[in-house]
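The structures come next, written out as structure tokens.
You will see chain A twice below: alongside chain B first, and alongside chain C after that.
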Partner chain A sequence: MSETCKVSSERRGDVAILWTDGYINNQGGEEIAKEAYSRLEQGARALVLNLEKTRIVNSIGISILIEVLEKVMDRKGVLAFCGLTPTIDKTFRIMGLAQYAEIYPTQEDALRGVEAKTA
Partner chain B sequence: MTAPVSPQQAARLEELWKRIAGILASEDPLPSRIAEAALIATGAQDATVYLKERDAWVRSGPKLSGGVDPGEIPDPLPSVAFVREGDLWVPLATEGEIHGLLRLLGIPGEEALENGPLLGFLFGSLVGAHRLARLVRDAEFELKARLLELESLYDLGLSLGGQLDLSSLADEVLFRSISLTDAGRGTLVLLEESGTVLLERSVGTEILTAKDAPGWTLPAGGLINNAAASGDTAGAALSCEKALAVEISVAGRRLGVLAVADKESRDGRVLDFTPTDARLLSLFANQAAAAIETARLHKEALEKERIERELELAAAIQRQILPRDLPNVPGLAIAARNVPTRQVGGDYFDVFPLSGGRLAFLVADVSGKGVPAALLVSTVHAAVHLQIDEAPTIRDLVKRIDRHLQRYAVTRKFLTAFFGLLEPGTGVLRYVSAGHNPALLRRSGGDVEQLKATGVPMGMFPNATWTEETLSMAKGDLLCVYSDGITEALDASDEEFGLPRLSRLLDSSPPDEICRRVFDAVASFAADVPQYDDQTLLLIHRT
Partner chain C sequence: MSDGREVSMSIPVAPEMEIVATAQAAALGEYVGLSRDKIDEVKLALVEACINAFEHADCRDEQLHLTFRLGREPQAKGREFLEVEVLDKGKGFDHHRVEAPSLQKTFVSHRKRGWGLQIIKSLMDEVDITSGEWGTRILMRKYK
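Right, the complex of A and B next:
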């Protein structure tokens, strides 16, 4: 059995924070997408993905995150990441996620960043 | 001649095209858009779009994850539109390559049937363009993924180079291996030199049982895409069907095994690992091997440093115990020297005056080295100084110290010792030699007598006894007590310095001079041969 990724979320005004816990692979990516789309449907304009409890991301997980990012951008929304390990941070930058989504060190920084962008 | 289009018809067609254009420009998945546009364009009752996604067919719907039943797709694929059982099948193709099929059900009339091939051309172009865009995007993604692999190898090298903690190092290697091979899970086992398991890490259910790691025979290249059929012990032991397992080794010595399993695909299937995955994992294993070896050597260096600190401490203990100054006793000239070896040994000497002008002295050699030996020396030193005034004779002193050692010594060690009590005025010497090398007494006339052991070493046997000897030192006589580091010093041909050489160096010169001469002679004899035993010499000359 693969390591299962759990995703939880919370709405704070226009922003939805998603917390991941575990490996972002196919299953983890789908969990994130499901939660993210649900929050977008409920009217969230910005998503903050807090990955501080994730140590591994594979290419399938990344491709799903790109799909989520595209969906957010189609809606003129904002997506931000925070709590990345140095390895995941570099992975996101190389794979192009950082081109359209901001990466912040902490959740507080990310919330301040997306609130400024959606204001 | 065709009838001109009426304004009403034109308006209706314009409205129709607008609707179709709106549908095609929407954000819905492309097959859904095509199906919906086709329904409007033809007036059919239902439409289904089948698309070839890599090596599998998918059907249009809210998500492209619906499976397609065997036999649902016409075989062979039609190159032109055709009608079967009332349904119109239109190949969606560009440049002769079929990307998909449009199936229209309940076609209202011939006009719609005639439009079928045109729809195929239009929608085929759309699918082709879409596919091309996706191919470009996939290629870009692949390129970035390859770049990520290279960067990861580089980063891993840097990171592991500075990583001396084996646990963090193992995580780093395992996480990157799983991530870059798209594996669902992974296991890393590191082994001690003896083959016992040093560390085991798993993400997801463990792939391999750690205790079996030393004996695995792994397949060449590491690929195990059918574990059940694998003849390798690793394959047979795997808890999965498809895996990749490589050895972490240095100079043919197995340091561990790195394994990943369940390579994922976007559609949820478990894929075979590829030779590229195997090469990548091998590169990781090579880097990990170098880093693990470095970490192990670092651990060894720390251990060596700890031992050296311990020896420093032992040396400090010894330095505190050895007398800093020799007593000035009328009628006697005394010289003494102790040269410890690099590894702290257990030589110990002491010379101190007692009441009534007597002189107590001893030379002892404790078995073993390092802190345990230094602690025993410390114990003996304390016992001697506490007991010497209480003990009626030297023999009693030796017995009391022996009893103390038998009762309280922490380690099972023993010591040889020469205890002496000299009355400078009369020259009467009482001594006990507990298994010590024979002391030498050079008479003023030049004869050298050996004062042999009067009992066994101390701390060795529970009920040991010693005899006490008495002799008289005349004026001009020289007593030489030493440790075996002097007489057993070795030269390059493994010959010992020996008692005769020491005896010949004893003459009527002042003890200081003789002492210097003895150490010079021993050093010259041993030349550059490292010595592993302390060297101690005590000379007492009755003037």
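Right, the complex of A and C next:
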């Protein structure tokens, strides 16, 4: 049995979109961080994390997402989430992540939002 | 009040075993008619209770003992609920002394963890934690 998260990504101008598929625990979080740091090193100024194929993010996974957020903030970049289930959305807001990262309903909304912020 | 409909299981302290537990929670949540969003909240709270025990409890029997109960409030037209009990035979802890986390504190700390109990309390309708040298019991309830 493995629920480990698969991560894929694509660069669109200054923005890198990362898609997750599966349970975000420590391994899933590390996969996201590896992909995110690689995209930042390649020059992306904003990251959009599309979590529409993820139904559970545990607190270990969230702690790694916070590390990614810190790295993005250090670079004066933008981190946005989209496609969150109501439970994940609620959890991120409980933790205060919405104060530092953008949360959008859809990927299109997220791309419009981060492009406006990085223009 | 539980009406006798309950399922018990034990899971080993091992990576991803919390996902086995969430499958049971989802099945019982569907049985009692909880919405998908409420089932997701139960699943995440259960994941947090399990990984908290995996990481901190130092369980003597290397097992977590889970009981899922279906019940209804005792008053007339009382709401149905799903209750989940997570019991470990570990070293226990004083949950009153667990500091409330905040993202500001998390940013300046090397330790990014410590959100589990906060997430459980925020997602479930009722949470009761008892702990001692015998171990820890987390009782969580979600109403329909």
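Here, the second predicted complex is superposed on the first by the 117 of 119 C-alpha atoms of A that agree within 3 Å, B and C clash if a C-alpha of one lies under 4 Å from a C-alpha of the other, contacts with A are read in each partner's own complex, and residues count from 1 in each chain.
One rule holds for everything that comes next: a residue touches a chain if its C-beta (ideal position, glycine included) is under 8 Å from a C-beta of that chain, and two chains touch if they have at least 3 such contacts.
In this text the structure is predicted, and so the values were computed from the model without any measurement.
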item: Chain B versus chain C as contact partner of A:33, first or second or both or neither; value: neither
item: Contacts of A:67 with chain B and chain C, given as first, second, both or neither; value: second
item: Chain B versus chain C as contact partner of A:100, first or second or both or neither; value: second
item: Which of chain B and chain C A:56 touches, first, second, both or neither; value: both
item: Which of chain B and chain C A:91 touches, first, second, both or neither; value: both
item: First (chain B), second (chain C), both or neither touched by A:25; value: both
item: Chain B versus chain C, judged by how many residues of chain A each one touches; value: C
item: Those residues of chain A which chain B touches in one complex and chain C touches in the other; value: 1-3, 23, 25, 55-60, 63, 87, 90-91, 94-96
item: Chain C contact footprint on chain A (complex, rising order); value: 1-3, 23, 25, 55-60, 62-64, 66-67, 70, 85-87, 90-91, 94-97, 99-100
item: Interface residues, chain A side, partner chain B - complex; value: 1-3, 23, 25-26, 55-60, 63, 74, 87, 90-91, 94-96
item: Touching residues (chain side chain B, partner chain A) in the complex; value: 27, 140-141, 144-145, 147-148, 151-152, 155, 171-172, 175-176, 178-180, 182-185, 203-205, 262, 264-266, 268
item: Residues of chain C that touch chain A when the two form their complex; value: 16, 18-20, 22, 37, 40-41, 43-44, 47-48, 51, 101-104, 106-107, 112-113, 115-116, 118-119, 122-123
